[in-house]
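When the chains are written out, they are named A, B, C, D, E and F in that same order, and each has its own residue count from 1.
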Amino acid sequence: MSDLTKIMIMMRKAPYGTIYSFEGLESVLIMGAYEQDISLIFVDDGVYSIKKGMDTTQLGIKNFSPTFRVLEGYDIEKLYIDRESMESRGLTLDDFVVEPEVLDKEEITKLMEEQDAIFPF
Amino acid sequence: MKFGVLVQEGPYHHESSDSAYQFVKAAMEKGHEIVGVFFYHDGVINSTKLTDPQQDDRHIQKRWSEVAENGVDLVVCVAAAKRRGINDDVLAPGFRISGLGQLTEMAIKADRFVTFGA
Amino acid sequence: MLHLVNKSPYYASSLDSCTKFAKKGAPILLIEDGVYGAMAGTSFESKMADIVKDFEVYALKADLMVRGIDKVAPGVKEVDYAGFVELVEQHTTTTWS
Amino acid sequence: MKFGVLVQEGPYHHESSDSAYQFVKAAMEKGHEIVGVFFYHDGVINSTKLTDPQQDDRHIQKRWSEVAENGVDLVVCVAAAKRRGINDDVLAPGFRISGLGQLTEMAIKADRFVTFGA
Amino acid sequence: MSDLTKIMIMMRKAPYGTIYSFEGLESVLIMGAYEQDISLIFVDDGVYSIKKGMDTTQLGIKNFSPTFRVLEGYDIEKLYIDRESMESRGLTLDDFVVEPEVLDKEEITKLMEEQDAIFPF
Amino acid sequence: MLHLVNKSPYYASSLDSCTKFAKKGAPILLIEDGVYGAMAGTSFESKMADIVKDFEVYALKADLMVRGIDKVAPGVKEVDYAGFVELVEQHTTTTWS
């Protein structure tokens, strides 16, 4: 199985202000179908993408929180988050709609070095 | 009062056209006059009638066209539009393509000008 | 003059530029990703505590809601779009992005 | 080697489609194979044939169409395109609209993937 | 003459990376024809817009330095620059294709407060 | 891994994020507005002096030229697009924007 392509999706942008994380999520859902080694990591303002409690009714914008929740069903089981990005923004695992594994930056560096491709959104 | 609005970013990609729409709606509800909304930079992409968003999302171009039905002038910068492939063939109802002079004229007419973007 | 700020303070220097040039006591309205600067309990809160001493800081309610932010830092006032319009009635406006 | 390229921004508005073009050109000159260029987010706006820049500026869409003539697959994300008013009616020569699966397939085929944007 | 509209164009974005300053310049040239009270100020990365020595031939991008040079002929005579933005970027007046008046931030604050409209690019 | 950075360090935190996560000794290529971080004689030069101790820093020649930057900070190497391609040959690549 070592010839699987290792692809990391790195979400770095805040949701709603710009569409990168939402469209990035659409790509993750498709990649899940290809049976490669896909991981999804939240760093910097990307950690806000999985914040609980988004209420988009007033602005009439599509709420993409529910889509994140279905990730586990899509064969994307490797979810990670940068500890420092999370903590500096006053967030804990309880604040999220999914449960990513919390990594220190050294672990993230190591994980990045193992990838065949990294897509930043 | 008379308000002018500048939109500098494309729809969906950036929230600023949503913010501008919500602001215009709230201002009109309070009885203010919108002297015009000027679409500049990637803001011109708000004006294409080919916009076809997902069914469960808002339709930003149609929202603007409805604003125009309420008498608001929606002006798309011709220089910015040409660079981005927007012309009269794809222009949605209620928008018009014109020059940057319109932005100046709006600024002269308006008591307040609010910029959304960049 | 009313100052709009629409970028996350973790990403961009927009709010820094705003507070550099805004007149002391002026209103600053955080919108879009700018509202992340208004969230309570973050590493930015101490900086926001200084900003609210010098300026009237507002955060747009609709943008807080869409991002799931239910508590703002001390001294920050929430406003809805009607309140946004009232601020514009009272002040000429510029935007820091 | 086999290179894949992702373009996340619109033409003229942001330099990233220029950078991607220059990179692709330099890579081909060195004999590398470009397995595809994927246009995502506002990057899809690179593909409209209605682009009409000033005479004294470069024509970014035509540059890409020339790259396609040299055998490079230019894929425009359908979901991103629909939101921004890009469809087959306005698609320039050499581009094709397809799904995100193409991005995955390019990533599997390519030895290297380079992202320009955001 | 006190009923002229006071409009300030504030250039804050770096050139070429994004098009804001170039398209903003196009608007300034038009505004000059309306005989209002127009000023143009460079702050933050916007100060790079008027840097001398831009060579765009290799990238084939339109060079807009020459357009800045003609500003004086267009009735836009109020050109300003933020001292701190300029100095922190290692630039002096000799580095620019036009000669803006150097202002301290307090002077800029005052000037902004006098405007009827400010367009940031 | 090769790291591309395309934002001005005066505006965005992209280069900070890059240096936080990049492996020590890794190549960082500044492109587009990222090259402003490579300019000599600025307030950012002392920070760049620290970065070049930990990483191999490159600046894209075409992007320096288009911006009129004729001198780069000590330790920063200029590369053309052919050199950019060579860096990509040698490393998988990611982008900080």
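In the analysis below, a residue touches a chain if its C-beta (ideal position, glycine included) is under 8 Å from a C-beta of that chain, and two chains touch if they have at least 3 such contacts.
Because the structure is predicted, anything quoted here is derived from the model rather than measured.
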item	value
Joint neighbours of chain E and chain B, given as chain labels	C, D
Centroid-based (C-alpha) most distant chain relative to chain C	D
Whole-Å separation of chain centres (CA-atom averages), chain E against chain F	27
Centroid distance [mean C-alpha coordinates] between chain E and chain D, Å	33
Mean-CA-position distance for chain D and chain A (Å)	25
Where chain F touches two or more other chains, by residue	6, 10-11, 13, 32-33, 62-63, 92-95, 97
Sequence positions of chain B contacting 2 or more other chains	8, 12-13, 15, 22, 41, 54, 79, 112-113, 115, 118
For chain E, residues contacting two or more additional chains	13, 16-19, 44, 59, 61, 116-118, 120
Which pairs of chains touch, using the document's own definition	A-B, A-C, A-D, A-F, B-C, B-D, B-E, C-E, C-F, D-E, D-F, E-F
Residues on chain A engaged by chain D in the complex (per definition of touch)	5, 7, 13, 18-20, 23, 26-27, 30-31, 33-34, 36, 116-121
Sites on chain D touched by chain A in the complex	4, 6, 8, 40-41, 77, 79-80, 99-101, 103-105, 107-108, 110, 112-113, 115, 118
Partner chain B, residues of chain D touching it in the complex	10-13, 41-42, 45, 48-54, 61, 79, 82-87, 89-90
Chain F - residues contacting chain E, complex	6-8, 10-11, 32-33, 36, 39-43, 45, 61-63, 65-70
Residues of chain C touching chain F in the complex	10-13
